[in-house]
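Note that chain A is present in both complexes that follow, paired respectively with chain B and with chain C.
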Partner chain A sequence: MSILAIETSKDRFALAQGGMGEPGRIPMTRITLGSAVLRGTVVTALMASLMPTSALAAPPVDLSKWSPEYVRSIAGTQDFDTAADCAKVTPLDYKGRLTFWYQGVFEGDPDLLRQYYKDFFETFRKTYPNIQLEEQALTYNDLLDKFRTALLGNAAPMAVRLQILGGTEFASKGYLAPLKPEDVGYSTEDFWPGAMKAVTWEGVTYGIPTNNETMAFIWNADIFKRAGLDPDKAPATWEDVVKYSKQIHDKLGIAGYGLVARKNAGNTPYRFMPQLWAYGGGVFDEATANPTYEQVQLDSPQSKAALQASYDMYVRDKSVPVSALTNQQADNQPLFVAGQLGMMISHPSDYNVMLDLQKKATGTDKDKAQTVIDNMRYGLIPTGPDGKRAVVFGGSNIHILKPEYVEGGKVDEPAAKAIICMWTSPEWSLKMAYAGSNPGNLNGFKTKWMKERLDNIKFLDVTTSMLPYGIPFPALPQAPEIMNIIIPDMLQNALTGAMTVDEAADDAAKKVKDVMGGL
Partner chain B sequence: MSTIAETASRAPTRRRMRVDGWRWAGRIFLVFMLLYTALPMIWMLITSIKSGFAATQFPPQWWPDEPTLASYQKLLDPQNSVGQDFLRFFWNSLFVSTVTTILSVIVAVPAAYAFSRFSFPGRNFLFFAVLLRNMFPAVIFLVPLFILMRAIGLVNTHGSLILTYLTFGLPLAIWLLKGFYDNIPVQLEQAARIDGATRFQAFIMIVMPLSTPGIIATAIYSFIGAWNEYIYAYTFLSKNEQLTLPVGIQRFFSENTTDFPGLMAASFMMSVPVVVLFLVLQRYFVRALTEGAVKH
Partner chain C sequence: MTIVTGKAEARRRLQPGTAGTLRKIWEHRADYAYVLPAIAVMLIVIAYPIYYTVELSFFKTPPGLQLRDKTFIGFDNYTTILTSQVFWKVTWNTLIWTLGSTFISFVLGFATALALHRDFIGRGVLRAILIIPWVISAVAASYIWKWIYHSDFGIIGAVLVGLGLADRPPNFIDNVSTVLPSLIVVNIWREFPFAMIMMMAGLQTVPDQLLRAAKVDGASAWQRFWHVTFPHLRNVSVVTMLLLAVANFNSFIIPWIMTGGGPSNASHIWITHIYELAFGRQRWGVASAYSVLLFLTLMTLGYFYVRALSGNERKEGSA
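== the complex of A and B ==
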């Protein structure tokens, strides 16, 4: 059964939030959760659909009760001693050397997050003073390409943290060494079952999830109001998004919805796939409980309807940024901040970025920035015409490379396990995801830092609420090619008029079949 | 008579008007080109002194309400991690570009002289062979060169970049300098030889001083090429402490956001050495381009 088919439009997720009255004050969010998620039985079925059988054994948190209230109830209920836990994996006096690549945080990221990354590496060096760590941060869009090139020259690092899409690709090509949570002192059940799927290839686990997140929807209440829309009500369906976007554009002359269609940028599938799944489409059957990936569905009527919605916004209504074909989320954010964009799918970190912009603004800009934050409203991602709601279950995984692909031909496994144990610990998997994601290790939700975060960043209530709707990308080695190239190509072909919507969808389906070796 | 006189008196006027028209068209074109090239630089500079919020405003603040040098302070402060990285990237770029330039000149000068002055079997073939490398897009050689560098242990060293930049820059440098040497009358060297100079002395004392503009132009070409190069530096280097500026300034782009003032400040500072170099040496540069272009 499709997990998308569980929820209907009758669900009553009503999110409304007040504004922020003063700098630095977090707006209060009132979240009235509707029937679907709160109904234990339904959610149990929903979450179970993402779980392997073994995962049903004893997860540290009760996923069937998943709701903001439940998350709040478990936050701060357990203490963890990371150093003591990791000492059981790799002794704290272990002497070794480790090369490590990861998707880093940089100048544009929230200060809070950058501080936690800095703290992590300082703490690791203090905890393991005899491990010589050579870490290298890479940007989101560069990591996969650079890693691929390094592998070709056998110049890869010993350990790497990749975005969720990468795990299966590199595991299937034989670059990664088997690695499961038990190897670093944790249990498989400590992690989101959907995330574990993304690091499993042909029954073998090749990595450990560090963080997992789902996105949410944000809109500018002032723009909604001026366009004649209810400022506190998110578009309920994707059809509403198309309608609202046109209304905003027609009345105010600005972009309504923040469509992105840039090629080879992870932002594009993260924003189009929720739409595709909500309409009942998909690349394969990845939105079902037990996907087989045997039949391509990109050319289905549902998939075409989703593509048609993007076409309507970009071509027919011209209600999205004209630069959408080359935009990624980093281009939408300035538009949103400038009041030139009405609504968009938002990464959990966006809210903190805006707080940072306000904090660093000077003079009258400070008040203007505050107004932007006051006008920010956030809610669940809209549903499809049949009430289906979906979001990409994103995140990152951490892996150990096989020695033959590593610079120097050797992997210091204990050193690699030490950093992996620490990063995936309840403490650090929460801290490293503090402002922009969720802990990969479910025990992270029980830490005191989670409690602190819930008090400080209300926006994350919404993104956390989206977690049960999360659908992992197909756990296939071809997934990066499909998601980062074929899907954006399909969008671009339709939106530029190079092909009709039907032709673009058919063409994409054919390309997927080709990539999959003639499905 | 009067007709002839009128015609004679009118003709210069018409000619002058025609000339003025072209002149004005030329001036308008130059102003347009000036704006076309200068406005992005000016906008870059203005954005670099805005706050992150001000940089994203629409309509844009043509001049920031609250100008700030915070981005520059951050970049030039060796006490914070951003400043440390930026200054290190700057030094790395300077080192790689300078060494590339020096080696390029050292190799190109004698090579170009040999192509210009000596007749030897296969001279033309060799001359065009050195250009063969530049007839293909750089990206074609990316992976092969990476594997080669890996095999000789140069990945993650500045040596890999210097070697690669030479393979690109040398053919152009040789081509440019050969054209320049061709324009220096061989009789000058012959006169020096008659006066007792060896060929090497004639080269050092007669040819080299005359070819200074060409050598400077070649050096500027090599320096700018190495200074701005991105794709090889991006591929060959993965250690933070070795990155060059074009790769290093990517840190201002994140998954979901961009630090525009920081990016613009870093870009502006990155352009300073090249602009200064060009302004100081431009008369040599232009002279070399024009003199090397024609044979006397």
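== the complex of A and C ==
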């Protein structure tokens, strides 16, 4: 199996058709899946290729059946007693102290998520009343910088929840203690195989995934209609995105596609990499079944074609927000809800974010926002010219530090395991991802909260449907620099005219080679 | 005949002096004791980091390894910086940023101070209002200005389009040519009140009788300013400009929050570039060498600042 997580026109995942003759769009709860056999084959092969040998044992859910219907069928089928499960790992009367940093909620997250984070820490304190917990929330963009600095001064916390991108960097440098799901009462098979890859370095597991998600594509049906486009049809390809974006801009004078190209912001790679992979490009061969990361491909014709598409939208057609170079997704959300943006790659949480923004709006803005929400549509991310579809497999992991890098030189391992057991439990891995992601622990899909979530969170089916297309970032210690600095730099160099598309891609490829030590 | 060697002679000459110095130190032992805690704190939080930064600047610190795995490479980091195209681009940005911000803030602050030095109704209120930009948090100001400048929905753009002066909002911070001047405007807006306060304080020291005498002698307003007021303000002007220059060289918040050094490095100045190299890309060695260069530059400015202050003191002493 060579295509891993990338759909081709020939073996297109039946979900994309939605069974409704509307490529790219999945109507809510009415998805009739086409060829179950074909889908099963593709997904099984996909999962198998991502899966370590041991993980082939017995996952708690049948990944080969992964579909919105299947997810719905298993939701609410099993109860879990988190406190009882974690008591087996760390007794509930354990007395200790824990310092813990985590990537917390930020301004772009829905209020619902804030409440669940608050509930989690309250519940932990009630469950483990004798553990003195000193937690600190940091935003996605600040966490890596602060954590790196703390490590240099041996002042890191005992446990940390990092973005998926960070696990390999810190594991490879030897900062993290080995930690596998079995250490906190779960099994490796309970987690997404792709996510387990992101916490594994040279065969050793250094963390546990807390949540995993893939993004989808959202558009405003009303804007599409007014621009003369089919309001119920998402752009099928990235070429369509370029075309639709121009049409929206030319007809309505507003931005078509929500491009994001800010440097040092995680939003940028999450939105550009699907485009890059869809065109057949990549930083390396990370989009293949068994990536070797030996050859830089940023300067390949396919990668340049992907960059050219962004250039065409920003420079040639001027059909995307001019502010894309300094903006991040949190800046696009208000534009979308104000009806000033036609379409964008969207996080699963964006629907709830829009609801929050609507609640906060006043006067006529409130009605305007409601109209946008009513016209909001979710679909699969467009494909490349050869029918390839891809999305970043995102999420977060939780880790324990080695004592020598921790303030005070000691790690309270039972206390750290207690919080990790709770966060990665079926219950809390679901609740903490309620509005914005998916449970890292696959058993979370079986809980009653998943059932409730499916009823409450609109478009959840679509974002979970993108999971099989997920491609993890390269599992390399250099990945954060490549994704957060080199890729955005490449985009900015091309979009500002500082370099041509070719020069920008070549320059980025050279930088990656330098970072990799002269590949 | 006695042969006196050079060393012995030097020792002979030194002895009374050394004893004198030691005696003086002993006499002032209480003073030294008072400043000792401050010196100890400075040694810990300033001297050691400086030493460590200088040391680190001679080491290669591969981003894929821990800092303890660094290897000595002599002056290679300095060579890397000085031969890098980006460094010279960023240096040019830094010069424009520092000189532009410093000079214009000073001129604007001085002009405002002169205007506010006259007695008129509402002077106190106006003075309070003008100080607001300086007391506002730089972080808050940066976010506010980011939205004022927003290339799609900024207030300036909306006003210009609304008045029919532009077809589409001007691109202030998403354009390599306009981003730095746009940030300098924000910096000036924040800094000129400082210059204004300094110059207002300086204006209080200009002897009124001199100005009156000049007026009696028939000097015009410009002549009174140029020949009486300005010479009295020379030292405070130098100090103000040096303080502004040092602050601007070290200015981080506005460019980092508003643009992150972008687009395409067009608003990177030394300090933001150093931050990105160190914390974003983990090139601790290169970032340290860069910091040493910045430190030397600031020390040079500091030297002139101290000289300007000493000049003031000497002048006051001789007066």
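Simple rule for what comes next: the second predicted complex is superposed on the first by the 474 of 519 C-alpha atoms of A that agree within 3 Å, B and C clash if a C-alpha of one lies under 4 Å from a C-alpha of the other, contacts with A are read in each partner's own complex, and residues count from 1 in each chain.
Going forward, a residue touches a chain if its C-beta (ideal position, glycine included) is under 8 Å from a C-beta of that chain, and two chains touch if they have at least 3 such contacts.
What you see is a predicted model, and the numbers here were worked out from it, not measured in a lab.
Visitor: Looking only at chain A, is it chain B or chain C that touches more of its residues?
Guide: Looking at chain A, the partner in contact with more of its residues is B.
Visitor: Between chain B (first) and chain C (second), which, if any, makes contact with A:340: first, second, both or neither?
Guide: Both: A:340 reaches chain B and chain C.
Visitor: Return first, second, both or neither, reflecting whether A:152 touches chain B, chain C, both chains, or no partner chain.
Guide: A:152 contacts both chain B and chain C.
Visitor: First (chain B), second (chain C), both or neither: which does A:493 touch?
Guide: A:493 contacts chain C only, not chain B.
Visitor: Between chain B (first) and chain C (second), which does A:330 come into contact with in this model arrangement: first, second, both, or neither?
Guide: First partner only, chain B.
Visitor: Touching A:118 in the superposition: chain B (first), chain C (second), both, neither?
Guide: In the superposition, A:118 contacts chain B only.
Visitor: Should A:485 be classified as contacting the first partner (chain B), the second (chain C), both, or neither?
Guide: second
Visitor: Residues of chain A that sit at the chain B interface in one complex and at the chain C interface in the other, please.
Guide: 149, 152, 335, 340
Visitor: Report the residues of chain C in contact with chain A in the complex, numbered from low to high.
Guide: 62-67, 146, 150-153, 169, 171, 173-176, 258-266, 276, 279-282, 284
Visitor: How about chain B: which of its residues touch chain A in the complex?
Guide: The touching residues are 51-58, 65-66, 68, 70, 81-82, 142-143, 146-147, 149-150, 155-156, 234-235, 238-240, 250-260, 262.
Visitor: Please name which positions on chain A make contact with chain C in the complex.
Guide: 145, 148-149, 152, 172-175, 255, 261-265, 321-326, 335, 340, 477-478, 481, 484-485, 488-489, 492-493, 495-499, 515, 517
Visitor: Considering the complex alone, what residue numbers of chain A touch chain B?
Guide: 101, 103-109, 118, 134, 136-142, 146, 149-150, 152-155, 157, 266-267, 329-331, 333-335, 337-340, 347, 349-350, 353, 356-358, 360-365, 368-369, 407, 436
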